[in-house]
Amino acid sequence: MTLETRGLRKAFGGVVAIDGADVQFQPGKVNALIGPNGSGKTTFFNCVTGMIRPDSGSVLFGDRDLTGRAPHVVARAGVGRTFQLCRVFPRMTAVENVLAAVRPGGLLHGLRSARRQDETERAYGWLTRLGIEHLAGAEARNMSWGQQKLLELAGVLMAEPRTILLDEPAGGVNPALLDRIGTLVRELNAEGRTFVIVEHNMDLVMSISDHIVVFDRGRPIAAGPPAEVRADERVLGAYLGV
Amino acid sequence: MLIAAILVFPSLAPNPYILSSGVIVLNWAVLATAWNFVGGFTGYISLGHGALAGLGGYATGLLITKADIPSFVALILAAVIVAALAVPIGFAALRVRGASFVIVSIALVLILLLVFQSWSSVTGGSRGLVVPRPFPGMLRPEHHRAFFFLYGGLLILALATWWLLDRSRFGMGLKAIREDEDKAESLGTPTFAYKLTVFVVSAAFTALAGGLYALWFGDLDPVFQFSVLTGSYIVLMALLGGVRNLFGPVLGAIVVGIALEYFKVEFGSTPLHLVTTGLLLGLVVLFMPDGVIPSVTGLVQRLRKREQSSIREFTAADLAEQRKRDREGASS
Amino acid sequence: MSEIELVDVQAGYGRAAPVLRGFSVSVPAGSVVCLVGPNGAGKSTVLKVASGLLSPRSGRVMVGGKDLTGAGPQKMLAEGVALVLQGHSVFREMTVEENVLLGGYTLNDKAAKSRRAKFVQELFPVVGERWRSLAGLLSGGQQKQVEFARSLMVDPKVVLLDEPSMGLDPKATSTIFEQVARMRDAGTAVLLVEQNARRALQTADLGCVLDLGRVHISGPAADLLADPQLGELYLGGRPAEKPPVP
Amino acid sequence: ACGGGDDEGGGEKSGDPIVVGISLPLTGDFSEPGKGVQEGYEAWAKITNDKGGLLGRQIELKILDDQSNADRVVADYEQLIGSDQVDLVVGPFSTRLVVPSARVAQEYGMLFVEPAGAAAEVFNQGFKNLFYAAPAVADDHYNHLVEYLLALPAGQKPTSVAYAAMDDPFAQGTAYGLKKKLEAGGIKTVVDEVYPPNTTDFGSIAAKIAAAKPDMVVGGSQYQDGVNLIVALQQLDYQPKLAAFSTAPTNPEFDKAIGNKTEGILSPTGYSQDAPYASNKEFVEKFTAQFGKAPEEDQANGYTTGQVVGAAVQAAGCAEQGECQQKLIDWLHSNTVDTVVGPLKWDATGKPQGAHMIQQWIGNDIKIVLPADAKEADMVYPKPAW
Amino acid sequence: MPSGALLLQSIILGLLLGGLYALLAAGLTLYFGTMRVVMIAHSAFLILAAYLAWWTNDRLGIDPLLSMVVTVPLFFGAGVLLQRGLLSRLRPVTLTMMSVLITFAIALIIEGLLGYAFSGTQRRIQLGYGTESFNLFGARVAVVKLIAFVLAAVSLAGLYVLMKRTQFGWALRATIQHRDAARLVGIDTERTAGFGFGLGLATAAVGGTALSLDTTIYPSLHWHWIGPLMAIIVVGGLGSVPGAAAAALVLGLAQSLLQIPMGATWAQTVFYVALFATLAVRPQGFFGGRLAQRF
């Protein structure tokens, strides 16, 4: 399903964070969203996932209009996200953090046990793939920055959204592990999941993405495959530097 | 064990006074358990649950006196009404978090106090409301015994519900709200609906306890029904026992209930009982912020096992054990 | 002589097992030491110990030859040790101006303060542009720049940086690394923790790989960069394709 | 009726003391009057014991603190009757606490004489065991004043009145009893305010009263709210022809509290130290000896309660739980008891059949001015400016 | 329709009352907005200060305003001790919640001790000028109310300047927002937080004295104040001194005016109505510059 926005706009007082953005992400691909600090990437994610309400414009997910819907509605529609400043449940253990990402369906479903064996297994599986299984029983607040970042990622993956928005997944993550994450993203993508990744680590962006959208001052200035974007003069000027 | 204790207590009680104290302690236990639906799961500290109990009491009393409904039908109906009222109340109160929620919950008590005092044509105002006895011919000791069992049943119902929620996904969602509400929402938990639901459940149990109290006690006075102090005692009990534990609030209610009685006897003729209650509360907060049960179990665990390693030097055996424990948790 | 030196430090949190187990490092004046290592290795813990935020359980912290083990951050700052925390540590509900000027809290000279403020505004344009808005409302990267700017308000002898480039766009990253190089040239001792390891090691004089709370390997930064096995394990598989902008 | 089974005849031996159980608000909102009542009870026990006790047995008081709280008062009587097996119980202070505790006594079949349930609703709960040991219920406190005012010639009669009453059954009862009777007599009500018990700012109420400029102001007050209202009225420079407040003006600290601007303020009272009743002289004397101060109304109420119970015990010749209690109740229903507040008798609901005296501040002292046969001074009307 | 004179009188009374409310709420904005502490005991400290003012007047016969010479430093010290001894021991994660309980405990202790020392009797300072008033455009202004109002205005202005303009104010705000970062820029966070709390209690000393001039006090009176004061700071916006002042004036005025048609009891509900309305329309309060702590 295509995630796209039309004429999205959001201003905070005098600061126009997003300025009429028309963005279209490619379904089933790894998309990247890059741009200088303060160009509106996080705000864009917040608008898309319902954390803040855009001033105008619309957010479309397939044939659904998600504009201004509550975050949980967006999440249930199949859009998962991580946060730039990572957000974990501080006084829950790592496994619980991951298990908490399984959402109940209806009421009766909600009364089912939260620690079903198959789900616990799956949670462990994610922790293992992200290299933090040894922390399964540790409370999240006692983890290092990077460990929390990975834990948050595990949570989102556990929820199995069709489209996954990652806000700086590489921030503070060890480069060796980053390679593994890159591989993981490609694998999951092969299973049919769409990714939108905000990232400043150009090595990662260039190596895993199929499609790149470049933001500057709240609107896209370029979009295309990595090679094309890298060569774009506007991108060079606004973002990559001389 | 709890059930057994409830069953035998009345026959052991040496006189009706002890029995009536038992009823009061059970009333506290139900209130604290009901409070723990909100406080324990979502971490919203409500000092206003005393008001919900008062509302339940008044609703029961008014239904009996004004609408001539049989006592226990009125009790159930009152709980339903309070649950319905809890929807708009929760709607306003649960919009804010942390400190603001505490303020709102205090405001709830004060506003209901004003309303029930002023609206005397309906509520009897400060003249109070007399609730007719459900068992008119019954002698007083018998009356206490009957209510002791009624309260016991209600407590078990409340505990069972709490236990069910605690292990469910719904409960997991609520705990996620306690930890980080926005994150929970972004994971797809309809946080507001969850909070509201559990608030309504909590309000219903609180109202049942309050209604039962009205039937047992017979006299309602707004000043005592809508008192911040009641709500605070409930919180004290729950915290003292431990809010993350099924039996925490019950234990807290027993300890605090008895302590209040003891302080009263000991310092009865001076206001020093307030001081002792305050000191007790302060000590709990400072030294047992997680409650008695977790503090004690934590201590035992620490004595039994060596310190937990937080670094990546987990042996394979450690890991396997951890995993096994989690799986057992799954099947239990 | 080393400006700052940690000797055989054991440190940890609360009752848990120690995180650092006999860790030693020394940073001479006018040099950059880069600390790399996997997540949870204890890098941030090293910096917390060095800055006085965390008292070591055993071992010594020496600054300029003086034993300052167990001194608090205020004392450390007075001795010329400054730390920029990992993650976000702006004062969210204060303006950028207040944040930056608070960086010079210990300065008494008003003129010097405003001179430094002007300097950081020029260095990071966004700091000047958003001078009067609340710092918590800035984007992640902008906040990071404010933090770095805040730390530049004083002129410490030892600078401890915990992943200063995290979340920064390439331009701002370059500014930071340029600044680090400039500090070194001015004689400051810099202890740098970076996950952008290749880039950091290019700036650094010495490298130090930390794992499981101990020094795994240390040596000249260039040697570490060249070691293929080390690269595989700690620096990510791909060596940098081209040298960065100086 | 129901306590009978537990009666083990503990009180049969004449050597045993008669234990009287009481719950009183010794702390909390009603603690001040509560302590006054306590002194009254203690004085009664001491005076009676000094004279040889009741039925040759000494009186022993067992007093619990109910913290001014209805839950507690019930638990207290529960404990006194059920656990401590006292022989007699007498009432607590304040209407709010009387009703719940009277019910406990009723359900255990105990006589319940009380010193403080003055509001009318106490008597329509259908209690058969309850007796109020004072001359009149709240609604009748001002009866003598009503007679006086309505008898005034047309030119002098006040034409408009402002009422402000605390939202409390007793305080409101006094003001509204007067209001009903004055309205029936054709005197207009121009302001009618009710304020919550915890009100501390009376500026707005006073402003309303002052703006309406009535001839007379009536405060249905307890102590402190009365003081506050008067001060607020004085701050607004409002000068009525008559000002009547319940409870507050009879307090010994009243004159100081309002800055000695007391001249002409009226108050109803159920007790006067100078009242001519036979037992009163003894009471005042011995009380003063025991406590080093003269008794006030609260103390007198406690003492009166003791006198009433004592009279019933003497007449019935018994004092213990069980059948004896019904004998006591029956005797009180059909007899008159002489007390320090005069002879008392009760209707079937336990309501006393009398009226209060009216006192007025005259020349820095409070004096009885109504009824005419008990007066110590002439009523000053209209009252001078305050 | 109320007469013009009554309206004018009510407006004046309402403004004076609002000023007093603002002073009483000032400390709360400090703990709440800047320190994240829910201070239930604030009104208990107000009553304590009022009792001390009453006591000095009663025993020593001196003007209650002079008691501030002692109570203000005393309360400041108590605040420092309270913060250092109790609040700083609470875990940061649960600070808000636990502070509710611990300050509640303090309130109980104060109430109990006051009751023990001075009994439950209601007290009121007897001042020579207690009933004095002067005429202003036909309405009466009581001298004691005016004194309270002036005290309020002066203290609030002082507090505002202190928080916004002084080095200490900056350090305090920084300490609350990120303790480690504050320590790293050289702030003595322990001392600063202690002083911040002391400052809040110092306003309670001033407020309590102002309160004692024209009302009755009794040990359990503080419960009566909690609701309105909390409502004021929520409406004004947690942490905003000007917000609290504005909300206090508006609500005091509203209460005073509403008493004309509605009577004293119902008029009190204006606080709670305003509270709920604020939450529905603008949960952060009308002056609250607080960040939605979302991202």
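So that you can tell them apart, the chains are marked A, B, C, D and E in the order they are listed, and the count of residues begins at 1 in each.
We adopt the following convention: a contact is a pair of C-beta atoms (placed from the backbone, for glycine too) under 8 Å apart; a residue touches a chain by one contact, two chains touch by 3 or more.
Just so you know, these numbers come straight off a predicted model, no measurement behind them.
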Exercise for the section: Could you name all chains that are in contact with subunit A and with subunit E at the same time? Expected result: B, C
Practice task
Based on which chains touch which, give the shortest step count from subunit A to subunit B.
Solution key: 1
Practice task
Using mean C-alpha positions as chain centres, tell me how far subunit B is from subunit C in Å, no decimals.
Solution key: 49
Completion exercise
dist(centroid_CA(subunit A), centroid_CA(subunit D)) in Å evaluates to 74
Practice task
Report the inter-chain centroid distance for subunit B and subunit E in whole angstrom, where each centroid is the mean of the CA atoms.
Solution key: 31
Handout entry: Per-residue overlap in subunit C, given as positions that touch at least 2 other chains
Key = 13, 16, 38, 40, 137
Fill in the blank from the handout: Flagged in subunit E as touching 2+ other chains are 115, 120, 223, 263, 265, 268, 294
Completion exercise
Expected list for subunit D, residues touching two or more other chains, is 27-28, 167, 194, 196
Completion exercise
The residues of subunit A that touch subunit C in their complex are 12, 15, 35-43, 84-85, 135, 142-147, 149-150, 168, 170-179, 200-203, 207, 239-242
Practice task
Can you check the complex and tell me which residues of subunit B touch subunit D?
Solution key: 14-18, 20-21, 24, 114, 117-118, 125-128, 130, 139-141, 143, 217-219, 221, 223-224, 264, 268-271, 273
Problem - List of subunit E residues in touch with subunit A within their complex - result: 93, 294-295
Practice task
State the interface residues of subunit A toward subunit B in the complex, per the touch definition above.
Solution key: 49, 51, 70-73, 75-76, 80-81, 83, 87-92, 95-96, 99-104, 109-117, 119-121, 124, 133-138, 142, 155-156, 159
Completion exercise
Counting only contacts in the complex, subunit B reaches subunit E at residues 43, 45, 47, 92-93, 95-96, 98-100, 102-104, 106-107, 110-111, 114-115, 117-118, 182, 228-229, 232, 235-236, 239, 270-282, 284-286, 289
